[in-house]
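Shared chain: chain A. Partners: chain B in the first complex, chain C in the second.
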Partner chain A sequence: MHISEGVLSAPVLLTGAAATATGTAVALRQLDNEDIPQVAIVSAALFVGNLIHIPLGPTSVHLILNAMAGILLGWKAFPAFLVAFLLQSILFQFGGLTALGVNVAMVSIPAVVCHYLFKIVTKRDEEGIKRLGVAGFICGAVGIALAAIFLMLALSFTDGSLEEMGRAILVANIPLAIIEALLTSLCLVFLQKVKPEVFTEFQDGAQSLQRRGRL
Partner chain B sequence: MNLNKSFKIIVMIFLMIGILTSSAYAHRMLLDEPQNGEVQVGFDDGTVAPGAEVIMYDQDGEVIVEGAADEDGIFSYDTTIEPYRVVSTDDTGHRAEWTADVEQGFMEEAPMWMRFIFGFAIITFLAAITMFWKAKQAANN
Partner chain C sequence: MININQGFAQGSSWVHQLDPRIKIITIFLLATVLAVGESIVMLLQALVFSSFLILSAKLDLKEVGKRLMVVNFFILGIWLFVPLTYPGEALFQVGPLSFSIPGVIYATKITLRSNAIMLGIIALLSTSTVSSLMQAMRYLYIPEKIVYLFFFVYRYVHVIWKEFNRLHDSMLMRGFKSETSLHSYRSYAYLIGMLIIRSYDRSRRVYEAMLCRGFRGEFHNLDELSFSSRDLKIFSGILFFISWIIIVEKGVFLV
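Up next, the complex of A and B:
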């Protein structure tokens, strides 16, 4: 899911950088002093989570966790991914530094979509753990699917074979989508049990507005 | 401060897995030094890159050979060729480069756990700076 240095053309790189800059700006505007530890911790989790390999047949996939980040952080997933990917790029040569904007946008836009999707799915039913698990599953899968579509879109401007690229991305991302869906679902149910306050924003519209009014 | 326990637990789990698993790298394409007419293309999780596209350049940046790696990720070329720069790419945005007489950077030599801790230190530092900046902004308003 991370594009290396020197693969993409300048217009694609600039579009990605612009999208990331916009998302980060929106997030920083929303950012409350009290949110910072949460953003930092999720960012640290992303930094590590993206480096974990799950062996899968002849190849392996690595976690992205964008749905989880999106559900917990909303727009603030942008700065969280920005920091995590910047460090991965510098410390592990994972993803090119110039492609940073594209890589961040590719996972953060689906993360924000997941945030709102999760809001819609969990709107009516506040307490149901089952519902939460299902919502997490859907968001986990959607997060990866959207990221894969963005990846294809970014790579479609390079001169490689479109068909092979599409097939390679699908083969790698379908199992990943299932793994992430399960993981997101499990994490949410776990969080609901140990720390239900995380979901206050999703439970009550009024409460959510009150929270925002404070910002 | 809504720094909460469950996040800490999750991060700790990831941290443990990250440090304990020696192969805990992301997908980075690797290109070994070309030797005896063969060059290996793979990823840092130990898998190979079959069908990866390989291009070899001489010192003037002219293309000498180009082609695809076989199913073991090995690209074979004529032993009379002395490549100066080799570039490999695959269909999903991975790319690796090898250049003769270029030494590895400091970061690639540092041990895994050191880079992990360094990363966490930077994240903590950034969080602290942002908090300081936000607090100052709030004080000014």
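Up next, the complex of A and C:
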């Protein structure tokens, strides 16, 4: 879900850039040097995840995985997406430069929303696998739906004539929202079963490792 | 599949040799002017300028074309919608659908703008290695943490990409067929989960290894960027051109 270069109007581009700058600034304040490798790993996984084609009937869709990023990283999803998209734009021109702010904000704001949503639904102390699956499903769907709504808004604020296209994109993203919801849910359950500590360690960062004497 | 290696970064043209700081400043200025620009004459000139950079960099034109195709996919969507939904005098009508003249002009502007910026990015950013861009970013006061993050992500993308292909290959060897079914989606979900776990373990190992070697949260430059007199001349030329397109955009000569 990228908006190409040169489509959006200056006010929309500026708003997106401001939102991304704010989100990144908040995240950088939380981010210690020791956390950088972890955030980088998720960012790189997002980069690769964006390249995976998931079959859907006769066509295929690209994953965005922003709910996953939000759940694992919280606000740090902003720099993670910023860097992933910047690299994509340098390596193979997905997205672009002036639209970078809008593209990052479009997926990262829903990621942060998912982060809090996930916390509310799971209430961390209860370790119910079912509850985790449900939370993943909701977050996956909300993440994509919100991102698609932002995309529609960005297009319709740019020019009235793009509104129709925005609506069409919104509708086209419904299947993606369902797939992401399903995948996020399954993937979270998998992580919980195989390596439950990723949930706490990604969020607390490297300090928690040091506290527990593992570094 | 997509090539994540920097195919365009190899080369010896003057574009390749240009100081990466100049490249970043240039593409930033150029993209900003183009993104807000409205004049078709200006956009055309910028497109010519970007194409000139591509030609000077002696890039594989077929490959450049392929990349532009991807970009223009979104633009194609614009062409499907905008001429029909933009209010204004009709250019021609097909049944109940009318193609408006301002709509076509608007879509043309978007196409020119998008392609000019994209060609600029290919010519200027893709011709530098990521490590040299990183160094340039540090000079240009990009927050250190972002630059480090960028460095690690670039490093890990290759590792994770390899890991992904390995896992995917082993799935295929066990008879996995990707199709629209719950089983297939579950397999993909586990694949992504496994990817996260493996890379996570790996990132910890790497970080611990770095700590053992005395890493204290800072990187040191080994090779300095040098700003030659040729860089200065080219940079002046570029600034002159950008001022020129701003003048054209403002319509000083075309009252």
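To be clear about the criterion, the second predicted complex is superposed on the first by the 181 of 215 C-alpha atoms of A that agree within 3 Å, B and C clash if a C-alpha of one lies under 4 Å from a C-alpha of the other, contacts with A are read in each partner's own complex, and residues count from 1 in each chain.
The definition used in the following text is that a contact is a pair of C-beta atoms (placed from the backbone, for glycine too) under 8 Å apart; a residue touches a chain by one contact, two chains touch by 3 or more.
Computed from a predicted structure; not experimentally measured.
Engineer: On chain A, do chain B and chain C fit together or clash when superposed?
Structural biologist: Clash - chain B and chain C, as placed by superposing on chain A, overlap.
Engineer: If we overlay the two complexes on their shared chain A, which of chain B and chain C does A:L183 touch? Say first, second, both or neither.
Structural biologist: Second partner only.
Engineer: Once the shared chain is lined up, is A:C139 touching chain B (first), chain C (second), both, or neither of them?
Structural biologist: neither
Engineer: Which partner does A:A45 contact after superposing on A: first (chain B), second (chain C), both, neither?
Structural biologist: A:A45: touches chain B and chain C.
Engineer: Of the two partner chains, chain B (first) and chain C (second), which one does A:V7 touch, if any: first, second, both, or neither?
Structural biologist: In the superposed model, A:V7 contacts both chain B and chain C.
Engineer: Mind working out whether A:I36 is in touch with chain B, chain C, both or neither, as first, second, both or neither?
Structural biologist: Both chain B and chain C are touched by A:I36.
Engineer: Check the residue A:L151 against both partner chains and state whether it touches chain B (first), chain C (second), both, or neither.
Structural biologist: Only chain B; A:L151 stays clear of chain C.
Engineer: Identify which of chain B and chain C touches the larger number of residues of chain A.
Structural biologist: Of chain B and chain C, C contacts more residues of chain A.
Engineer: So, does A:A69 touch the first partner chain B, the second partner chain C, both, or neither?
Structural biologist: It touches nothing on chain B or chain C.
Engineer: Does the superposition put A:S89 against chain B (first), chain C (second), both, or neither?
Structural biologist: Touch status of A:S89: second partner only.
Engineer: Check whether A:A105 is in contact with chain B, with chain C, with both or with neither, and answer first, second, both or neither.
Structural biologist: In the superposition, A:A105 contacts neither chain B nor chain C.
Engineer: Under the contact rule defined above, give the chain A residues that sit at the interface with chain B and also at the interface with chain C.
Structural biologist: In the superposed arrangement, which is not itself an observed complex, chain A uses residues 2-8, 31, 33-34, 36-45, 47-49, 51-53, 55, 83-84, 87, 90-94, 96, 160-161, 164-165, 168-169, 187, 190-191, 194-195, 198 for both chain B and chain C.
Engineer: What does chain A use to touch chain C in their complex?
Structural biologist: Where chain A meets chain C, its residues are 2-8, 10, 13, 24, 28, 31, 33-34, 36-45, 47-49, 51-57, 63, 65, 68, 72, 79-80, 82-84, 86-87, 89-94, 96-98, 159-165, 168-169, 179, 182-187, 190-191, 194-195, 198, 202, 206, 209, 215.
Engineer: So in the complex, the part of chain C that touches chain A is made up of which residues?
Structural biologist: 1-4, 6, 27-28, 31-32, 34-36, 67, 70-71, 74-75, 77-78, 80-82, 84-87, 103, 106, 110, 112-118, 121-122, 125-126, 130, 133, 143, 145-146, 148-150, 152-157, 159-161, 164, 178-180, 182, 184-186, 188-190, 192-197, 199-200, 202-204, 206-208, 211, 217
Engineer: Enumerate the contact residues on chain A facing chain B in the complex.
Structural biologist: Touch residues, chain A against chain B: 2-8, 31-45, 47-53, 55, 58-60, 62, 83-84, 87-88, 90-96, 151, 154-155, 160-161, 164-165, 168-169, 172, 187, 190-191, 194-195, 197-198.
Engineer: What part of chain B is in contact with chain A in the complex they form?
Structural biologist: Touch residues, chain B against chain A: 1-11, 14-15, 17-18, 21, 23-29, 43, 45, 47, 53, 89-97, 107-108, 115-116, 118-120, 122-124, 126-127, 130-131, 134-135, 138.
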